[in-house]
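Both of the next two complexes hold chain A, though its partner changes from chain B to chain C.
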Partner chain A sequence: MRQQARKPFDKSKIPQDLCPIATELSELKTGDWRAERPVVDRDKCVKCATCWLYCPTQCVEEKPTWFEAGLEICKGCGVCAQECPHQAIAMVEEVEE
Partner chain B sequence: MGKGYPTIAFYPEKCNGCNDCVEACAQIKTETSEPVHSRISVAKDPDDEFYGLSLCRQCGDPRCVMDCPARALTKNEDTGVVHWDETKCVNCQICTLACPYAGITYNRITDQVMKCDLCNGDPACVKACAPMALEYKIGAEIYNTWGDLEDLFVPGVGACLGCNSELIMRHTLRRIGPNTVVATPPGCIPGVGSVGVNGITSTKTPVFHPLLTNTASMLAGVKRYYNRIGRDVTMLALAGDGGAADVGFQSLSGAAERGEQMIFVCVDNEGYMNTGVQRSSTTPYGAWTTTTPVGEALQGKTRDAKPLPLLMVLHSCEYVATAALPFMEDFYMKLDKAIEASKRGMAFIHIFSPCPTGWRFDPSQLIEVARKGVETNMVPLWEYENDLGRINITHVVNEPLPVVTYLKSIGKYRHLSDEQLVYIQRKTDERFELLKKFTKESKLEGLSDAA
Partner chain C sequence: MGKILVCDGNEAAAWGVARSKPDMVAVFPITPQSSLAEYISQFVADGVIKADLMDVEGEHSVLSVLQGACLAGARTYTASCGQGLAFMFEPYFRSAPLRLPLVMSIVTRDGITPQSVWGGQQDAMTVRETGWIHMYCETCQEILDTVIMAYRIAENRDVMLPVNVNHDGNYLSYGVEKVELPEEEEVDAFMGEKNTNWHVALDPDRPMGVDPLTGGAGGVGPSLFVSYRKGHCKGMQNALRVITEVHEEWGERFGRYYAPLVEEYRLDDADYAIVTIGSMSGAGKDAVDAAREEGEKVGLIKIKTFRPFPLQALRDALAKVKAVGVVDRSVSFAWNSGPVYQELLSALYFLDNRIPAVSFIGGLAGADITIDHFKRVIDTTARTLQGEVPSECIWLNEND
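Then we have the complex of A and B:
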């Protein structure tokens, strides 16, 4: 991953009389919203990156021979399963083990 | 990072079994139209509803390569194509048994196996397929070019499941890059936490929250300051339809008229989704919202949507485009042009943005709904370059689907009567005819025709 962003401002150097300025990045983990989890059939995946292209959270990660959703962030919307041109992704209900 | 690869997608519901793909394949590989030489075939049992496809998928981890005892099959890491080497093949045909998709087959005439090689990135079968049941998907090129760049929003933002706005903002800012000041007026995009509260933000570039009314004028001021101190910084507005077409319109119109240098992206989800689905001026005729309810007196909105992108063309912006994210290559091309145009003046991109929550459809259908919007011509994709002075339709729909195929997939249109459907079809056709007038050499010529 090529970093693009600069670091946020140093909190201690912001004058007190300035308007509010954010100095920290949000760490929201949206994976715990999920009711269904995308499960990739590695045999069927051809690495066409369609799931990455259309994943609203952009949580899809590349693995050596397949792509799969990062479950810390994936909200389970099912767009990837719907759009996969080779039907390699199944949405599986999240149940307690 | 590794790589993504193009692939051929197959839509069984569109295949009519005409075998044109088979002939085209045989023709290009052997210059005969003998089906026996084709690397692709379609077939179905009498009981099946749809045809099935036999074609090499160029698997990520190919079974044929694993099982070939002679190492005659190899996966090309650059192109993704599984390559068959005639000189190494011992004709054992194990690969034909290993492949679960019948993608490599034995040719009894040549006494050899044969398989698809994607025609060096220009597959003949796809071009030959009239019903467009085959599609060559090249989204991987975007991944290979831009996928390695850091997403300039934090991984988790509080957008609904299947949120098109989230998809738009992530792709847009990743492409435009970190040397950018982002303005997001009230709407879903700041609503999901992109600006943030209490010193915590979700955006990794400078971002601020203008009023709903003054996004374009604030950005104009910031840009003029940077120009004065000699720093080249891109200005990006990520506004909803309210912040662009309704109360935000006067500042946008003023900035466009003055030729302020910025990229103004209107994420058009056709209403005030962030505050509970109220109508806006871009809500289409007939749509249900909480302020255009469906009951005895009303059947959804009674007025037509404001054609904001055409209004921006008439402002002589440097660049105006409409986009929809199923057509991501088209969108990235337009971002490229918008970045360049914003160095000279206003670049305006109007993005059709279906909203599962406010429009009442399943989040998984997000891309499919947007695709139908384009394929029915309800949302034509086009661009306008001021130095050319006319509109160019970037995605021509040869045979537009009836609008009902789009409307019936969305809950907010569920109540529409036959008369309303007829009206929407007529309006869609009329608007497209009007748009075509702008594709003539000069937009003013087109206008005098229209008058």
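Then we have the complex of A and C:
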């Protein structure tokens, strides 16, 4: 496609009710709406990485002797707890502090 | 004075595209639009249209690609109909609320099933509630001229909406007429400086979220949603004015004046009128002329713009007559009549006096609506003045 000459964008000329285009972006992390959090029992965890493999958001992080979900991203789906072959992960309800 | 062509409606549309100078076109062939897709491809190959042609695998992709191009600031064109339009529906529905000034021809075709590749307006009428502007053409010349005008309407800052320029499959798509091709420089002057999609223009320097989640209970979502819907409705209403202004300017520059919204034909001293849409209007006018010679005081109202609905213009026309007969080329299954008839009834509500209105459906699946059919329409409508009002819709080609 030919290059279009582009004028500097002036948003003051755009009606607010025109269409859903967001130019002021705000952060919304998947961890913000979690109802339950995965809690790892470090004694049971054998570092088999099954949770790391299954996590849909790929938020599981490797620690020295265990694996753990990154809570900024973890949305609490519970797949890791379901798949853990050693039942090392419990889903614990999030409560407002 | 431009060059004189002898061409069919699909070629006329392609010439309209050529003069409009789009940046990107994408088409997927479907009867009776196929030759239009072929003309567009040939024109791009020959350099008559200096645009990128995107060959994609289906109509859903056609419109998705053009949405992206339009969001990036390109002027775009496509054409489809029937099953192609059905397959296109998901991006089609999204185009208007995104306020993308796309232009697309619908070469109207009847709905499947029964299997039919012939003309009828069921496809375009089925998508009448999607927020696109819909204009119906009567002649090949009007197709060429309206395609060009459509860009001025779509890209107007008070409108910013996609436009369908509809022409009847078979009767206009393959009907050959004398067509004047306006000079390139004159169209350039009419079009002015290209400035499409000034509100978006995807730009790496200006990150944006196109169509973020808007709604849900609580928060500002629902009220934002309402403001976009209201803004869209306002754009549609503004379009009534802009369509009128653009048609007037076209007439002044090129000498061809079209009724922008509703055409009144021999209506001023008429007792009653018939209402038409699209290519059938020519036969309708001939039938009105013939009836006039026999002393019948009948006129004709032609709908050119169906979306936005031309309430005021139609109301003014209907106020001049005492009865009306409406000929549809598609079916409103909900109302056992035609969609144009059904919407005309809404306009009648705004008149001081209630007048009889009869629904006729003709020209389905490629059938011809002849002068004889229109004679029946005129006779039936005339008899309503004596109190003989049919209780149900009349199917014109039922006994052909």
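Here, the second predicted complex is superposed on the first by the 69 of 97 C-alpha atoms of A that agree within 3 Å, B and C clash if a C-alpha of one lies under 4 Å from a C-alpha of the other, contacts with A are read in each partner's own complex, and residues count from 1 in each chain.
As a convention for this text, contacts are C-beta pairs under 8 Å (C-beta built on N, C-alpha and C of every residue); 3 or more make two chains touch, one makes a residue touch a chain.
From a predicted model like this one, the values you see are computed outputs, not experimental measurements.
Partner contacting the larger number of chain A residues, of chain B and chain C: B. In the superposition on chain A, A:Val95 makes contact with neither chain B nor chain C. By the document's definition of touching, of the two partners only chain C reaches A:Gln16; chain B does not. Shared-chain residue A:Lys75: touches chain B; no touch with chain C. Of the two partner chains placed by superposition, only chain B is touched by A:Asp43; chain C is not. Applying the stated contact rule after C-alpha superposition, one finds that A:Pro85 touches chain B and leaves chain C untouched.
In the superposed model, A:Leu25 makes contact with both chain B and chain C.
In the superposition on the C-alpha atoms of chain A, the part of chain A touched by chain B in one complex and by chain C in the other spans residues 1-2, 4, 6, 20-23, 25. If you check the complex, the residues on chain B that touch chain A are 1-10, 57-61, 63, 80, 100, 135, 137, 139-140, 142-144, 147-152, 154-159, 161-164, 166-167, 170-171, 174, 177-178, 193, 195-196, 198-202, 204-205, 325-326, 328, 356, 362-368. Every residue of chain A that touches chain B in the complex is listed here, in rising order: 1-6, 8, 11, 20-31, 33, 42-50, 52-59, 62, 64-67, 70, 72-73, 75-79, 81-83, 85-86, 91.
Those residues of chain C whose C-beta lies close enough to touch chain A in the complex are 23-24, 52, 69, 72-74, 97-99, 160, 198-201, 203, 206-212, 214, 224, 227-228, 230-231, 234. Contact residues on chain A toward chain C in their complex (touch as defined above): 1-2, 4, 6, 9, 13-23, 25.
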